[in-house]
Amino acid sequence: MPEPITVTVNGRSVAVGAGATVAAAMMISESHCRKSVLGEPRSPLCGMGICFECRAVIDGIPHCRSCQIVCAAGMEISTDE
Amino acid sequence: MSAATYDVIIVGAGIVGAACADECARQGMRVRVVDQEMVGGGATAAGMGHIVVMDDSEAQFALTRYSQRLWQELRSELPDDVEYEQCGTIWVAADDEEMDEVRRKQLCYSLREVPVEVLTAADLECLEPNLRGGMAGGLLVPEDGVLYPPCAARFLMERARARGASLDLGIPVAEIGKGRVRLANGTEFSAGTIVNAAGAASPALTAGIDVKKRKGHLVITDRYPGFVRHQLVELGYLKSAHSSTTDSVAFNVQPRKTGQVLIGSSRQYGVESRDVDHAIVSRMLERAQEYMPALAHTTAIRVWTGFRAATPDKLPLIGAWPQDSTLYLATGHEGLGITTSLASARLLVDQLTGRRSAIPTEPYLPSRAATLEHAHA
Amino acid sequence: MSREQKHFDVLVVGAGPAGIAAAVTAAECGVVVGVVDDNPAPGGQIWRGESANGPSEPASWLTKLHDRNIQMLSGTRVFDHPEANVLHAETADGFLELGYRKLILATGARERFLPFPGWTLPNVMGAGGLQALVKSGLPIAGKRVVVAGTGPLLLAVASYLRQHGARIAMICEQASLRSLGRFGLALLSQPQKIVQALALRKHLAGVPYVTRSWPIAAGGDGILKDVLITRGRGTEKIACEYLACGFHLVPSTELAALIGCRMRDGYVDVDHLERTSVPDVFCAGEPTGIGGIERSLIEGQIAGAAAAGRPDLAQKHGRARAKLERFARALDRTFALRRELQSLPLPETIVCRCEDVTYSRLRPYGSWRSAKLETRCGMGPCQGRVCGPATQFLFHWTPDSVRPPIFPAFLTNLAARACREAQPSGAMRGSQ
């Protein structure tokens, strides 16, 4: 049974199953992914990389499509403001 | 076949046509505007939307400066979606030779009372940290700005309509001249004056106008607020704008109010296709990355093209068309359409009403071509 | 960042059922095949997360994908077609230039989203969207879910979620019982589908299923807490933690359009050998018509054989293809959107999510282009993939032509020059 992975979302530690995507990790930690132009919190919509609502900052890089990026141990994830 | 009479019919609802409509309507003229598609849909939609004082020639300087001041006067009335921002331009000097050019420009602008400031390499690093290190410095022109052109054109057109101007969109214009405008669906209008403000399409409507299409490409990124704060232009930009035969690119970057970075510029002659040209986009983006290496890992979300209307002497055509007493031109603005739209409209209406112009109008008269030929004969 | 170049006899874009079938078939004919896909692993949407082990149909195809001389390039997103026979793609590490002799587009489909009040709340997702997230590690056990919208995907998703412990509060299908009944009759000609339908029925026993029902509003403060749906003549508010809502599928045709393939009614126009109007370019699966797994597999096999120079092998699937065409048309008819859905958005409902453009701002425009230029609708990173089909349905706007990049890409990758000399791969080996 693969070990769970720990990442941080907005500074908080989150444990996710191996192979889980960053989008899933953010939802598990009850964080939205980004803020819209008018300031609304947004979370994944399409789950397949076309809606861009799941954009997050991953290890300092903004605008990453988190639903297509698999979590790696120690990843630092934060909301794309 | 109806024939309605107007004082002025303006062909082309881009920024220049819209500015002319606004100015004509303000003078109480009965105005009709026709455009084959929408308001601000041609080069107006495709361009960078900069308002910049350019010193390529005395006449260009005068026109851009006059018009820039008109934009400043107008700014408080502009709605939010026009996104007018007086962010200023920095002409970037990559080496000492270009720094000499900076000093020459500084003198030139100062003599003509345009505020400028010479920036040292350290100043430049402070103001624009994403420019690569090792630049020599630059020239800041704080009164330059940017805006979002389709909404600016729409604003001017709405003001014209509020004063009674009417607008026909979506039908191509078949023929203009001798006081008449005929649309492709057969509708005809007559007017004392017709203004050809059709930009790159103006020669198709009036044979003999020496305006050629000059294709450009632009790339826009996702939102990176604060990545760039001023409009940045390399001093080699003028070399690019000068060339009339070869494809050229120059570094030109602009902050949009959204936080997106708008990247240009490219110039190509003799290309009819609207398709994105991969080779020239590569060159343009390579140049941009030379000046701002951090652009490499910004996300580009759109690329598009447009056609500037270019004249041989780089000055627009504003005024009476010698071959037809009813026809006036307001076209040929190349990369300065947004900047000079307001002044072009003023100069045009000055000529229609016999009003005294704020700047000399001779350099922009369509009749100058004949004069030039004469001079060279 | 890395910069690599690869060349294939046959290049397949998309590793869903159609792409996998195409790649496996072409490889069986002895050619060098590459497959690019933007997800972390092959399977597309419908086979996301499927293992290659076991007796199932997806397992059998996935195994063949791994056993053959096929290079699988996952996590790779095509963004440009700079010249004939060349694609540019972005990977996690950098840039990849792909040269090909023959190209098979198996780019699949995506959900159609329609705006309604509250649809931008976190935990309002597509039906396929929620399923994808669950497959990607989101726990759903014990969570209350409403599944709504239209299409066979709703049942498949509800069944999957339920099998993973979700409590499906209701399935709301906007089509009428009559339409569905006629569709049910169409299934009689497809025995495999009857088996699927019966399996779904078993897994969904006890779940309320209403037809002629759609969401009116999603409620919640910063996150979803309930959804108001139509029910008969009235409405009903259902508390839930997730709303899985999608209105059937639209084909992903951007790459085909960029390459210059001719379209027909919004789908890529292909002949019986899946050839598009562009030489050396084939298209298989949902982009040629929404028709489900079987159709994708058949079209993929046809395209793979044809691209590998074996039209004789392709032709043996002809009858199956024709039959599945009829099924695809039945799908279209059954799950057509009812007019009432055009009235769902309120003036302040956001239609373009990338740029937060509301319904009332868009309504006055007569064309996609004018709306886009003045409001920025469609100018965001989704490039109109979400708001395009929505505005097409709401306002009857026709979309713009496609320009590169067809997906946002790093500037350095967009700038990468196409290599003029793409070296030829090993010659087509193998049989006949």
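Per-chain residue numbering starts at 1, and chain names A, B and C are given in the order in which the chains are listed.
Heads up, the rule we're going with is that a residue touches a chain if its C-beta (ideal position, glycine included) is under 8 Å from a C-beta of that chain, and two chains touch if they have at least 3 such contacts.
Values in this document were obtained by computation on a predicted structure and should not be read as measured data.
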item	value
Greatest separation from subunit A - chain, by CA centre	B
Identifier of the chain whose CA centre is least distant from the whole-structure CA centre	C
Top-ranked pair of chains - ranking by C-beta pairs in contact	A-C
Whole-Å separation of chain centres (CA-atom averages), subunit A against subunit B	43
Subunit B and subunit C, separation of their C-alpha mean positions in angstrom	42
Where subunit A and subunit C are represented by their mean Cα positions, the distance between them in whole Å	22
Multi-chain contact residues (two or more partners), subunit A	37, 63
Subunit B: positions in contact with at least two other chains	222, 258, 297, 299
Per-residue overlap in subunit C, given as positions that touch at least 2 other chains	380-381, 408
Residue numbers on subunit C that touch subunit A, as the complex places them	38-40, 45, 75, 77, 92, 110-111, 113, 120, 122-126, 128-133, 136-139, 222-223, 252, 350, 353-356, 380-382, 385-386, 408
Partner subunit A, residues of subunit B touching it in the complex	222-224, 258, 297, 299
Subunit C partner contacts - residues on subunit A that touch it in the complex	16-17, 19-21, 23-25, 27-28, 32, 36-38, 40-53, 55, 63, 67-71
Sites on subunit A touched by subunit B in the complex	37, 61-63
Complex contact set, residues of subunit C against subunit B	80, 82-83, 367, 369-370, 373-374, 376, 379-381, 383, 403-405, 408-412, 414-418
